[in-house]
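Chain nomenclature is as follows: A, B, C and D, assigned in order of appearance, with residue numbering initiated at 1 for each chain independently.
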């Protein structure tokens, strides 16, 4: 027996609350389909260069001329953000930093920042994590220590000072609003046929997936065994429940590398850092390394 | 050069804040030393029966006649809590439930509750997790949805209704104060010589260790290899940083069992559930199964 | 109905409430809801995810005890099951005990996650096989979780139906009342009224609870029986032989 | 001092500030603080834990990017290192840029975790090798993290010292000022004053920065050189050969 829905929406729901995470089964996609599944204007959470970056998918996003993306660096942005900024895909960045690490400043970011084209929402690492954790817990904010008296806080009108309700004396905390990405996008070593994705100790990827409405993942390979069946593997696995779509992309984190699988391509990264210092150099990089569609895996 | 400390305590510290977690190296202990390291009156976080229960250490606590322990079931209490309550070790319990699962009610708990000897702070699972997460994040509270209108909330004066600072219309949440256990006590399959403890998918044990001032662990074995060296194992490992002391206790989760290692001893658990229904039966259980000091491992 | 067991009827009734959903979670010690979720999955052409707590192979959670609750708060769980030592006509449930808290006459286990999940999972199905006036009371002695909330309270979930050993009620959130939806074999509106401590609505002609069709029975006694045996071996052997 | 390299001096100076601690964490791209922490560990008889971010073998964290910050907030990290594109006399640090934010003349990477860790780690050591008036300014253009906080602000941590290529300052939290603690070879109070944009206190007789003793140098060039090479191979081969 199917009972009629007596009320839609449920009585008592606060207006404006959105509950649209209910997960259909994970889909297997191509890299280009991953890029197509990310609409212009999306709020996209991306990991730092030393975690698991879906570089092949980022190149596909650039090829499809994505526009007005709002990036959240978890907690910072690196090569992938700099490339998307240079290719005019990005409207804003929220991050604790933008950097190419040992290769220096992120040149396309700096140029866009100084030209005023890019909205930069300067944050600090734990504030990004806290915003994602608030989304993970389905709460509107998370309070955090520190921050008070910084110009980071002074320039974030969306962060609010609040009183500790448990203190009898004045005790302020900063309330960080939930960060609910439209999309979490990253690369991992492997997935299985149920959509489970192994990420090992890179738990910020799991946090991103829990917080985001959709999670799109590229992987080195899709394996036949169930990653949740082995308790040792399961401990480092994001359940397919949170994964919207998966594409196989061998070497998909090139050139920044995938910890435990392959190292950064240092000479290529140095080339990028040098070329991206000028508009012509960046345009040249784009034509040589991003625009050519890779052969299907 | 060692610089002098210019101020003690640091200027600006809010009075009453306690920061005493700084971790000395993990110690290797005996079961009896684990029991001795838990002072009377301690706030102790314990896992549920299906996670990893340090039953051998609980028996040692009962043998040393621990008193006034304040238990936090994460999120519920089972055999270990019932045994400690029956043996007069316990002053209060905070938990979402007290139960022997398929073996029915927790008889010593029910008796102590009805006699008024035991303070029961009825909670709900996510409130316990949220309180521990607040301690993990070093914040005084975490806000949570749900709960409003329940008699659980009505009987928890330590939980506070608060306004969502990000809502323009009235929107209440419940602020759950941080739960900072003096001790987290649990059992796991293995540890290494650096104090790292493998817990697999039982991440509530990691949350307990992050939240607690001290974490005392019993393990089936201490292995020679570094559990953090293998990225697959590391994904399910609590770093030694959080672990105060470790004792080897083979079969240390008997009779409730250790998932992935050995099953519950069903007939023994059924015996306990039956014997614990009367004072005489419980006293008999105590003399037979708890008071005899086990041979050293 | 002689060839359909009572448990099979209940499983089938509940499974029918889970069609068209994406993700159903089932708590521990819940063989009938668990089997119902697995039956719905078997009929869903691979659409429905089922998370059985306490199961080794159907429990997908890898982030500790908090994950079920976070997952619900994220809106990723469409349906769940709760029960109560007492349930009243406004769908309030009591898992704590009988009498004046804290000096109760009878102490039950406790509220577990009900105080949270009831607010956040859109389709909560109340399931209690014992259908007597001591269970279905005019007003619960302790509200582990309220059936309805005041306007302005954040609530994306709540009671959808109440399935008992005698009948099925739907819950009308506007009226804040149960409505008798169907009668199991041998029951009448009068017999339900007699065994129910709260008042409820009903039409003049309450239908009989549908029996599982042949395909569903085959799935239930075959694939679902095998799957549920992993988590509830004694239940599976008792019901499915 | 001809046989002690500048880097070795700095490592030794910093290591001396880490004795008697239980746990020191070091951020990414920080070879000198990293080597200092490893030297302090080598001298600690197994007491000191060192967590090097970006290291495969010295990074103990298994709970994702948030763990370092949670660990600090729990009070489990005794010392950490921060730097700044600008640092002023109240120990405010600026990692964001030069000019009026957001229309900066120069944009740096950003504040990373400084805005948080500076408040919560008891012994934060500021390290900046370049000692010039453009780095050590009277007032930073942007406060990534403030050196001191108003009474009533929750703060369990803050600046302990500032180590530069020319000298060591201690920080007096009461006075909210740096105090010149020692001079590296070739420097004087006057030379420091000339190269420092903020004012600072000093005694009449400022000692020379101590050189590492023989045992420390042996540890540094042996065990520590090997250990730091895992994370910073180029640094190790350049400094320790």
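The rule is simple: a contact is a pair of C-beta atoms (placed from the backbone, for glycine too) under 8 Å apart; a residue touches a chain by one contact, two chains touch by 3 or more.
Model, not experiment: these values are computed from the prediction.
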Farthest chain (mean CA position) relative to subunit C: D
Chain centre separation in whole Å, for subunit C relative to subunit B (CA means): 31
Distance between chain centroids, defined by C-alpha means - subunit A, subunit C (Å): 38
For subunit A, residues contacting two or more additional chains: 14, 130, 137-139, 144-145, 169, 171, 173, 201, 206, 234-236
Of all residues in subunit D, the ones touching two or more other chains: 61-63, 70, 73, 120, 149-150, 152-154
Complete list of chain pairs which touch one another: A-B, A-C, A-D, B-C, B-D
Interface residues, subunit B side, partner subunit A - complex: 14-15, 130, 137-145, 160, 162, 164-167, 169, 171, 173, 175, 177, 199-201, 231-236, 259-260
Subunit A residues within the subunit D interface of the complex: 48, 50-51, 74-76, 95-99, 101-102, 105-106, 110, 113-114, 116, 120, 122-127, 129-130, 133, 144-155, 169-173, 201-207
Interface residues, subunit B side, partner subunit D - complex: 1-4, 6-7, 10-14, 17, 19-25, 135-139, 196, 206, 210, 228-229, 234-242
Residues of subunit D touching subunit B in the complex: 13, 16-17, 19, 21-23, 46-47, 49, 51, 57, 60-63, 70-78, 120, 122, 148-158, 160-161, 168, 170-174, 181-182, 209-210
Touching residues on subunit C, where the partner in the complex is subunit B: 28-29, 54, 61-67, 69-70, 73, 95-96, 101-104, 107-120, 142-146, 149-150, 152-154
